[in-house]
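The structure's right below; bear with me while I get my questions together.
The first chain written gets the first letter, and so on, giving A, B, C and D; residue counts start at 1 in each chain.
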Amino acid sequence: MTVDAPTYTADELMAVTAARRLSDGAVCFVGIGLPSRAANLARATHAPNCVLIYESGAIGAKPRHLPLSIGDGELAETADAVVSVPEIFTYWLQGGWIDVGFLGAAQIDRHGNLNSTVIGDYDEPKVRLPGAGGAPEIASWCRETFVMLRQTPRTFVERLDFLTTVGHQAAGGGGAGVTCVVTDLGVLEPTPGTGELRLTELFPNVTADDARGATGWDLQVADDLETVSPPSAGELEALRALVPANEETVAP
Amino acid sequence: MAEIVPLTEAVRELVRDGDVVALEGFTHLIPHAAGHELIRQRRRDLTLVRMTPDVVYDQLIGMGCARKLIFSWGGNPGVGSLHRLRDAVEHDWPSPLELEEHSHAGMAAGYAAGAANFPFGLVRGYEGTDLAEQTRVGWVSCPFTGERVAAVPAIRPDVGIVHAQRADEAGNVQLWGISGVQKEVVLGSSRSIVTVEEIVPELEPRPDAVLLPAWTITAVSPAPGGAHPSYAHGYYDRDNAFYVAWDEIGRDRDRFRDWMQRHVLDTADVTEYRSLLAARETSPV
Amino acid sequence: MAEIVPLTEAVRELVRDGDVVALEGFTHLIPHAAGHELIRQRRRDLTLVRMTPDVVYDQLIGMGCARKLIFSWGGNPGVGSLHRLRDAVEHDWPSPLELEEHSHAGMAAGYAAGAANFPFGLVRGYEGTDLAEQTRVGWVSCPFTGERVAAVPAIRPDVGIVHAQRADEAGNVQLWGISGVQKEVVLGSSRSIVTVEEIVPELEPRPDAVLLPAWTITAVSPAPGGAHPSYAHGYYDRDNAFYVAWDEIGRDRDRFRDWMQRHVLDTADVTEYRSLLAARETSPV
Amino acid sequence: MTVDAPTYTADELMAVTAARRLSDGAVCFVGIGLPSRAANLARATHAPNCVLIYESGAIGAKPRHLPLSIGDGELAETADAVVSVPEIFTYWLQGGWIDVGFLGAAQIDRHGNLNSTVIGDYDEPKVRLPGAGGAPEIASWCRETFVMLRQTPRTFVERLDFLTTVGHQAAGGGGAGVTCVVTDLGVLEPTPGTGELRLTELFPNVTADDARGATGWDLQVADDLETVSPPSAGELEALRALVPANEETVAP
């Protein structure tokens, strides 16, 4: 890294990496957190016509600040249309209109299957996680699904404690399943043929061994492993301009 | 035909111990005032239904009102865990909590089926998941294509409770902005309570508004500010600091009980609750 | 992403002989201009889908465009029979017409299933009727209650055609008033054509409006007056006299053909058609 | 009939008879023609809070003139809400919110079953009728269904050519089925126990034999057969004020 290169966090490069993969006009099903930052960054940079759909029913939302919840008032305010939750999941998601869906998870396996339900046994959980939310249908019906999560042996596991969401194409939905996993170390993509996730891109200053060490299965590495370019100054500036509004709040 | 009655009376008359009760509002218009009133009136053994059992259900569960939870995503949105929900599931505190969980699409299909008076709804995301083994899921075959499709039971609560921006004096209700499954839960429940920000002489038509005629509602109860800490589009914003602070309050059993005692059990209604919160600078939590 | 193209081009590019085509609009915004263009371009062997095949399908059927009709109520609303439809069914004129018929609820369920990408929809009014024997109906059992529920196939047309009040220059479409199954048919079809009264710089949000984003539509075609003789809420009223007069025109094969020749085949587009009608006082039918 | 009594048509007395049976606040699922006249007459007289729902999706329509089609613009203009057609049939009709539905038909049998599909054989019909429309679900899901049609041996038949709509409670829906048939001769209602339609009310100057002669089955007559009161001057005035708007039209 040269002295003049801007410094950035892993989260920032994750958002930038996912954003770069969104083409202009892509219709995105977006959650809160990193996915929302990524999609809004794309809209603020190379993909101004990126369409944002939130599971709360906001279609074509154009938030002027980063929403704090998937049902932020800003989303309804700036949306082309607001529909009911049953409609967003049936006519719009399952109807096949979404290009890219974003998901997080507590665990992922080599097939891109996800766990967001429990750590440990279902009936005697060590950690009770929030649950499925929109994930099973997002992974089934978006043309592509991007997963964003930090890579550790506890999250990238040989065997999920619970299979909440089928990540591979065989799920039987209309989409291709998980096509890209953006972590804080690089990018994993399904191997043509087998569908097993393998390392295809590395973040700067990260090695393939770092990634292997952070993976609970025997991670395969693409022959043509590439290195992700650091965020440009423009990307970083746009990303950092994406902040939540300063709202009047009443502390409890 | 909707009667306009105080919330205390609506809860007293319409919600019984052991009922299946759905408080809905998807991130918006969450009926917190009604949740507090259920706690004040010490309802027990409820089956609580809600897609996103966030702070409102964390409070009800922590106060021991619930026997079972039917849900699809149980977290503190943008913050983290619901500690009271986790404590109930992981440590049976204050009492065990039975879970029935679905995906959002499954819950939405159940609510839609309930409103439409179908015995079940269809959902196409359960195939291959472990959800099917842990929750109430059936399967039907398409008579035309042979395809196997998952079915979820219709959700028809004993009482459906939502918060809305406005009602008129006849009890017709209007809400707008993100409308979630509010229409479905009111139409699909045996009895319904709608808390409202205000009662107005006339409901002007608005874009993206949902209108619930008075004859679909059992009780309308004024509860200005009754969605706090969530928001009421056009009235007030989400209290994001509250959601963050809830993480600390909810994490500790004693602190949680103390907070609930002072803010809910010791207040008479949403107006007193809001006054107490507004006084926070001179009387810190 | 919607392209804004003349209707002649949209029909030429998007509708093929033998296609399953749905022209929707429930008593309102009936896409007559598009129907006329199908006739001018002499499309054949179409499977026509429409809940209420009123005058627009009487014309298509009488002109020999259709092989099959999927519908739920085939009359001239408020007037009586559709004589061309009856002549095709009763006397195979100008050619036999295969029928698949449902109730309104069955058609609506089929369209909703099509939009939602379910293989079938549910309907609870067919039990005990003769409909089940004459149409495509299957049965599924509720996995929870055992109840038998009728299923209808999803309607997923090759081409869905609707008329709307407005589009913006990007091809986003807005319609309001009675909205029927327009959203479902556009979302459930492989290709779609939306004719509009006008193209405006910006679509102001309105009460009871349906918005169809440009990325759900294949072609948007200006067709001012294109719903005549039905109406376009906010633009023009229903031409009730036309519906009454159609009873006479449609009753006689020769008179029908003559009328279609002069008003449709001999006109280039909806503007010429409307001019011809406007000149009626000096040039009576 | 006294000299001073107002004269009226059978259609008018049919509308008046049906209207009188609607209680104030009743939620009615209304079609065009006589049912619309009846429901709007009720709203103009004794039942101002009668709620009109049209299958086009207009809920709580308060038309100022008589609508000419079930999708008349006036209905959307004056409605409390306008919903989609799939929604009106699922959430509202099947959801069980309707008190009274109105139907017509080409044929009715003694059980209240209706034919609006074909006269003659289905595959070689003598007359192709419009078809089912909303009828099967209206009769299944409204708490009560009123049928309005003129009584002749060709319409009141021993055996339907096609059973479009199940009229008796056994249909399995949530409603009571056909509870009242208003004809141009009187009123038929189901016999308690058997459910067979029998004559319970006669219009003035009509005899039970007239009604029997106009019925294709052996019509039973209630012991306490009543006579329908002629329309009052007020009812007639209100009914005759219900006219379609004079709209600008372009003759073809």
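Rule of thumb we're sticking to: contacts are C-beta pairs under 8 Å (C-beta built on N, C-alpha and C of every residue); 3 or more make two chains touch, one makes a residue touch a chain.
This structure is a prediction, so every number in the text was calculated from the model and none was measured.
> Going only through chains that touch each other, how many steps at minimum separate chain B from chain D?
So the least number of steps between the two chains is 1.
> Using the stated contact rule, I'd like to know whether A-C or A-B comes out ahead in C-beta pair count.
A-B
> Based on mean C-alpha positions, I'd like to know which chain lies farthest from chain A.
Result for the farthest chain: D.
> From the mean C-alpha coordinate of chain B to that of chain C, what's the distance rounded to whole Å?
Averaging C-alpha atoms per chain gives centres 41 Å apart.
> Report the inter-chain centroid distance for chain C and chain D in whole angstrom, where each centroid is the mean of the CA atoms.
Inter-chain centre distance comes to 28 Å.
> Counting only residues that touch at least 2 other chains, which ones in chain C make the list?
In chain C, the residues touching two or more other chains are 112, 117-118, 124, 183-184, 208, 210.
> Multi-chain contacts in chain D: which residues touch at least two other chains?
81, 90, 94, 141 - these are the residues of chain D that touch more than one other chain.
> According to the definition already given, which pairs of chains are in contact?
Every touching chain pair, ordered by label, is A-B, A-C, B-C, B-D, C-D.
> Spell out the residues on chain A that touch chain B in their complex, using ranges where they run on.
32-33, 55-58, 68-73, 75-77, 81-82, 84-86, 89-90, 93-94, 117, 122, 125-137, 139-141, 162-166, 170-173, 244, 247-252
> Which part of chain B faces chain A closely enough to touch in the complex?
These residues of chain B touch chain A: 26-28, 51, 71-75, 77-78, 81-82, 85-86, 89-90, 101-106, 108-109, 111-112, 123-131, 134, 177-181, 183-184, 208, 210, 228-229, 231, 233, 237-242, 245-246, 249, 259, 263, 277-278, 280, 285.
> Flag every residue of chain D that touches chain B in the complex, lowest number first.
These residues of chain D touch chain B: 25, 27, 51, 59-60, 80-81, 90-92, 94-97, 141, 174.
> Note which residues of chain B are touching chain D in the complex, please.
For chain B paired with chain D, touching residues are 1, 112, 115-118, 172, 183-184, 187-188, 210-211, 213, 215-216.
> Going by the contact rule at the top, pick out the chain C residues touching chain B in the complex.
117-120, 122, 124, 136, 138-145, 147, 149, 151, 153, 205-209
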